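Look at the two complexes coming up: chain A is in both, with chain B in one and chain C in the other.
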Partner chain A sequence: MTATVTSRRRPRLRAATVVRFLVVLVAAAVVFFPVWTSFVSAFLPSGVVVRDGVLPWPGSLTLRNFVAVTASVHLVPQYLVSVAVVTLQTTAQVVTGALAAYALVFPRWRGRALAFGLVLLTLAVPGESIVIPNYELVSAIGLRDTVLGVALPYLAAGYPVFLLRQAFAAVPTEIWEASRLDGAGDLRSLFAIVMPACRPEVTTAVIWSALSAWNGFFWPLLITDSGARTVQVGISQLAASEASDPSVLFAGTVLVVVPTILLVVLAQRLLVNGLARGVLH
Partner chain B sequence: MADTTAGTDGARPRSRRRMPATGKWLVLPALLLLLVFVLRPLVRTVELSFHASDIVGNPTRFVGLANYLDLFTDPGFLRVTLVTIVIALLGTGIATSAALGAALLLRRHVLGGGLFAVVFSLPFAYSAASASAVFAGLFAPSVGILNTTLARVGIDGPAWLSDPVAAVWAIALATGWYEFGFAFLVLTAAVRAVPPETIEAAQLDGAGGWRLAARILVPIMRPSIVFLTVTGTISGLQTFAQIQVLTRGGPGGATTTFVFQLFQLAFGNGTPDFGRASVVAVVLVVVIAAVTVVQFRLFGRNDA
Partner chain C sequence: MKTRIPLLVTAAALLVSLAACSSPGTAGTGDRPADTTGSAPGPSALAKADGVTDITIWHGLGAANGIAFQSAIDRFNEEHEGKIAVKATYQGVYADLLAKYNAGIRSKSTPTVLLGGDVATGFLTDVGQSIPAADMAKANPNGLQLGDLAEQATNYYKVDGVQQAVPMNVSTPMLWVNRTILAKAGVDTDDLTTLDDVVAAAKTIKAKTGVAGYSMQADDWYIEQLTATAGQDFCLPGNGRGSEPASSISINSGQAKENITKVADLYRSGVAVDGAPDGSAAISAFQAGKVGMIVMSSGILGALKTGAPFDYQALPFPTSGPEGKSGPVIGGSGLWLSATATPAQQVAGWELETYLTSPEVQEEFSHATGYVPINTKTADSASQQQYLRENPITERFADQLAGTPVVSAAAGCVSGAMTAIKAENISQIVAAFNGQKSVDEALDAAAAKAKDSFAEYQQQLGN
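For the complex of A and B:
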C-alpha cells in the first residue's frame, strides 16, 4: 500500500518540480526584463534592440552611449555630489543615532521616555509633507544648491535611532556597568564596548542610511539648481531630455545603479538577514 | 523614577552616583536635529496652510480656512486624491503579492534557486528615479522596447504614457517593479523564519503545495505582509519621482498625485503658492494617518 503510494507520487512530484522551475523562470524573466534591456541597450548602437529584439547579436558593442551621456548631462560632477551627500548623511545619521540610542538605553534620567516618544513621532511624519519649511530655512541660511544644503535636513533620522536603541537594549547592562566601573567614559563605552557588540544592527543602520541618501530625489530636486545636483536628479532630467534615444538614457541608468547592483549581487544574503529582518522589529 | 528602580539593587546606586551623569546629553544632537528638521516643519506647514502667499511664496496675511475651501471645492482636487490612492494601492498590491508568490516558490528547492533569489532582489538596487528612467525608455512612444517586445509575442501594447488609464497603470507598474525588490527581501526573510517543525507537522497532516502556503505559511508571515502593505501604501501616497519622470502629471491631470500637485503649487513654473501647497501637505499627513489606521484595523493588530 505504502509502496504503491510512493511509487505513484514520485513522478507527480518530479512533474511539479519542473512546473515550479518553469514558473520561477518566467517570473524571473519578467522581473529581469527592465534590467537586462537597459544594460544590453546601453552597450549597443541606438535602435538595435528595437530592431533585433531583446536578444540581439552582440557584434556591435559600443561605449558611445556612455560617452554621450557623460557629455550631455554633468553625470561625473553629479556622481561626486551624490558620494559626498551619502558620506555626510550616513556618517551623521549613524553617529547621532548611536549617541541618542546610548542615551536612551543606558543612563536613567527624567524625560527619557518623552525623548524616545518624540523620536517615534518623527517616524510617523511623511517626509515629502515637510519640504516647504525646510526649503525656507535652508534657503534663508544661504545653503541652497550646496552639498551641505542637500544633506542638512537629514543629518539625523528617526529610524537609525530606533533601530540602534532596540539593539542596545538587548546588550546586558552588566557589560556597560563593568566598562563604566573600569573608568571608561560614555563615549568610550559606546564606541569600544556597545557598538562592537551590536555589529549586525550597526551594519543595517549604515546600509539603510546610505541607501536612503543615495536614492533621495524630491528634496535634492527642490534645493539644487546646477551646482549640487545629485545623480538621481540628473537621471530624471536625462529621461526628460533624451526620451527620443533610449540607449543614451539606459547608459545613464546603468552608471547610476552600478553601485547598488553590486551591493545586491554581492550581499543579497546580508540584505535578507540584516535589512529585511531588521525592519520587522 | 530612576532612583526607585536603581534602589532595589543594594551596591550599585552608590557606585553609579560617583560617575558623572553626562550620558543623557548624548541624545541632544539627534533630538535637536529632528526637532528642527522634522517636527518644527510639521507645525510650520499647518501655520502656512492658514496664510496667503506673496509673489515669492512667503506668507502674507492670515486667511483662516480659505486655502482649504479653495482646494476642497475644486473638483480637480478630488481627482488628485483618488488618483493618489489608486496609484498607491495598485503599486503596493503588485509588489507585495508578486513578492509573496516569488518568496513562496523559492522556499522549496529549485534548480538555480540562489541565482533566482539574486535576480528577484535586483529591483531593490533601483531608486524611484532610476527605475522611472528605465521605464521611460521602455514606455517611449515610438521607440519603446516594451511594446516592440510585446508585439513579437502578439500583444498589442497600449499607448502607455498618453492614454489616461494606461498612464496610471504605467506609473503603478514602474512603482510595483522597483518596490518588488524590497518586498521580496522582506518576505524571503519571513519565509525562512517559519519554524521547520511547523511545516513538517502540516505536511504530516497532508497539507502540501498551495494548501500549506495558504493555511500555514501566509498566516505566519502575516506581520511581514501587513508591514509591507502599510509602508508600501505610505510611500505610494507620496509618489513623486515616477510622475515627474514619466508623465509630469498628465495626460490631462490623469496622473497628478498629492506630492506632484504640492510640487507644482510651491515649486512649479507659476507663482509659488506655499499656502495652498501646505494645504496639500496637511491633507497628505491626514490621509496617510487615516489609511494607516484603517489598514491596521483591516489586516490585524500592529505586530509588525
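For the complex of A and C:
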C-alpha cells in the first residue's frame, strides 16, 4: 500500500519539479538575455551585430571593438578614479550609516523617532534636484575635478542608514547591554558586536553603496573636466548619436559591467556565509 | 537621457531668469586694448599677453567625431606652442553639455569656447554669456572671415541679424535608399525628388517586395525638416529670428500639416517602421535590408560603411514647397566665445575658431566624420575634389547644403524654449504615428503645448 502511494506521488513531484525548473529557466533566460547580447555583440564586427538582430551568435569573433574603446577613452586612469570613488564613497556611507543606525537603535534619547523620520525623508528627495547646489558648494571649496569632489556629496546616504537601522533593531538589546556591562564602549559595541551580527545586511549596504558609486554618471560628469573622470563618464564618449558604432558601445558596456557582476557574485558568497555564520541567526 | 530633459528645462528656465537680472555680456577682466570693438577685443590683447594663454573648449563630440576633433586641437596646440594652450573636454551629449554649461554660469566656470548644439542657439543667445561672432570678426579683420563660410550654415546661428556663433560641424538630412530593394520594386531613384514621390515609392516597395518602404528617426528635427522643405517657418513669427520672439509653431497648419499627415499614414498603414527616438531602429532596419528608404542625417554614413553590405545611396531630402523658398535645416553645433574670459583668452579663442573653420581643418574633419565642410574655400582644394570624386555620397551632402536657399524657412527656428518644445512635439508625433491619436489631435496638442512653452520662456526672461 505504502509502495503504491509512493509510486503515485513520485510522478506528481517530478511534474512539479519540472514546472518549477521551467519557470526558473525562463526567468533566468529573461535575465540572461541582455547579458548574452551585450557580451557576444562586444566581440562581433558591427555589420554582423546589426544583421544578426536581437540574438547575436558568436561566429566571427574579434577584439577590434575593445581596441577601439581603448583608443577613444583613457580607460586605465578612469578605472582608477572609479575604484577610488567607489572605495571612498562606500566606506564612508557604510561607516556613517552604521554610526547613525546605532545611535537610532541603542542609546535612548529624545527625538530619535523624529531623527529617523528626517533620514527617511531624504529618500524622497530626487538626487538630480540637489545637483546644482552641490555643484556650487563643491566648486566654492575648490574641489571641482577631484576624486574627493566626486565623492563628497555622497559620503552619507539615507538608504544605508535605513537598512542598517532595521537590521540593528532586530538585534536583542540584551546583547548590546551585555557588551556595555563588559566594558565595551559604543564604538566597540558597534563594530565588534552589532555589525558582525548583521553581516548580511551590512553586505547588502556595501553592495548598494558600491553599485550606486560605480554607476554614478551625471554628477561625476558635471563636477569633473578631465582630471577625475570616472569610467562611466569616459565610456559615454563612445556614443556619438548616429555615428556610434554599436559593437564598440557593447564592448564599452562589457568593460563597465564586469566589475559590478564580479562584485555581486563575490558579495553573494559573503551574504550566504553571513547568513550561515551570523551569531544570532 | 530623456529623464533629464525636465530637469534641464527647469534649470535652463532658472538660469535664463538669472541672466535676465544680470547681463554679463560686456564683462571680461583685464584692461580693454585700444583695438577693442564694442565688447570684442582685437589682436593686440593676445599680443600683449605674457607667456602662454590657457583656454578651454567644451564639446559633445563622441566616438570617431571626438577623436577627429581632439586631433585638430592637438595640431592647433603644436602650431601655437608657447603662445596658446587649448584644453578640450568632452562634456557629454548636447543635453548634458548644456546642463553643465548652465551650472558653470552660476559658478563662473564656463569655458572660453563652447561647441554647443544647434538647438541651444536661442538659449545661448538669451543668457548673454557670449560675444557675438560678428563683433569678434569686426575687431579681428585678419582672422576668421565669416563670408567664407557657407551662408546656409551661418544663417542658423544668426539671431536678429547678428551672427552670434560660428558653425563648426554641420550635418544635413538625407533620404537614404537601398538600391537593391528599390530595383526589385521597380522604383527609379531619379523619381524621388518630392515628398509625394517618396510616399508613393514607399507604398510600391511594401506592395511589391513585402519589405517596409520607409522609416525615419523619431526626432523633432525631422518634423522641422518636413516643415522647412514645405517652405513654411516652423516657428512664428519669422522662425524667431527677427526682433519679435517666437510665440507659436506652425506644424498644425498648411503644407507642414499635410506632409506630417502623409508620413503618419505610412506608419499607420504598416508601410513604414518605427525608427526609434535615437534613430537606431531605422539604421538597424536599413542595414539589415528590412526597409527600402530612411530619412536620416548625413552623419550615419560612417555606420553604413561598416554595416550595409548592399548598394545604397543618399538622395536630397524630398521637398514639397516652392523652389527657392524651401529647403532642409542644418544640424550640428556652433562655436560660442565667452564674454567673461579675459581679452587675451577671447582673442585666443577666436584664433581657435578661425583655425577650426579653416578650409584645411574642415576638409580633414569632414573626411574623418561625415560632417559637411562649412568653409566654401574647402571646395577649391585639389585633395577635396579628388575625395569627392572617390566618395560621391559625400559630394551629395555638400551639394545639398550649397543648393539650399538662404531663406527664413530653411534657417530653422531659434528660441530658448525649443528644447522643451522638441520633447513635447515628438511625444505627440509618435502618438500620431502609432495611431494612439489622430494626426489633427496630436498636432493641435503639440501646438498648444508649444505656445505655453514659448510664453513661459518669455516670462522667465522677464519680457
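Everything below uses one rule, namely that the second predicted complex is superposed on the first by the 209 of 281 C-alpha atoms of A that agree within 3 Å, B and C clash if a C-alpha of one lies under 4 Å from a C-alpha of the other, contacts with A are read in each partner's own complex, and residues count from 1 in each chain.
Throughout what follows, a contact is a pair of C-beta atoms (placed from the backbone, for glycine too) under 8 Å apart; a residue touches a chain by one contact, two chains touch by 3 or more.
Note that this is a predicted model, so its numbers are computed, not measured.
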Dominant toucher of chain A (residue count), chain B or chain C = B
A:D225 contacts which: chain B (first), chain C (second), both, neither?
-> second
Can A:R144 be said to touch chain B (first), chain C (second), both, or neither?
-> second
Partner chain(s) touched by A:A71 [first = chain B, second = chain C, both, neither] = second
Who does A:I132 touch here: chain B (first), chain C (second), both, or neither?
-> both
Once the shared chain is lined up, is A:G47 touching chain B (first), chain C (second), both, or neither of them?
-> both
Go through the superposed model and pick first if A:T62 touches only chain B, second if only chain C, both, or neither.
-> neither
So, does A:L238 touch the first partner chain B, the second partner chain C, both, or neither?
-> both
Is A:T122 touching the first partner chain B, the second partner chain C, both, or neither of them?
-> first
Overlap of chain C and chain B interfaces on chain A (superposed complexes) = 47, 49-50, 53, 128-129, 131-132, 135-136, 218, 221-222, 233, 236, 238-240, 243-246
Given the complex, residues on chain B that touch chain A span 1-2, 5-6, 12, 15-16, 19, 21-27, 29-31, 33-42, 44-45, 48, 98, 101-102, 105-106, 108, 110-111, 113, 116-138, 140, 143-145, 148-149, 152, 177, 180-182, 185-186, 188-190, 192-193, 209, 223-224, 227, 234, 237-238, 240-241, 244-246, 259, 262-263, 266-267, 274, 277-278, 281-282, 284-285, 288-289, 304
Name, in rising order, each residue of chain A that touches chain B in their complex.
-> 16-17, 20-21, 23-24, 27-28, 31-35, 37-38, 41, 47, 49-50, 53-54, 95-97, 99-100, 102-104, 106-110, 112, 115, 118-119, 121-122, 124-137, 152-158, 161, 177, 180-181, 185-186, 190, 214-215, 217-218, 221-222, 232-233, 235-236, 238-240, 243-246, 249-250, 252-253, 256-257, 260-261, 263-265, 268, 271-273, 275-277, 279-280
In their shared complex, chain A is touched by residues of chain C numbered 4, 7, 11, 56, 61-67, 87, 89-93, 96, 99-100, 103, 106-107, 109, 217, 278-280, 283-284, 287-288, 296-297, 299-300, 302-303, 306-309, 369-370
Would you pull the chain A residues touching chain C in the complex into a rising list?
-> 45-47, 49-51, 53, 71-72, 128-129, 131-132, 135-136, 139-140, 144, 218, 221-222, 225-226, 233, 236-246, 248
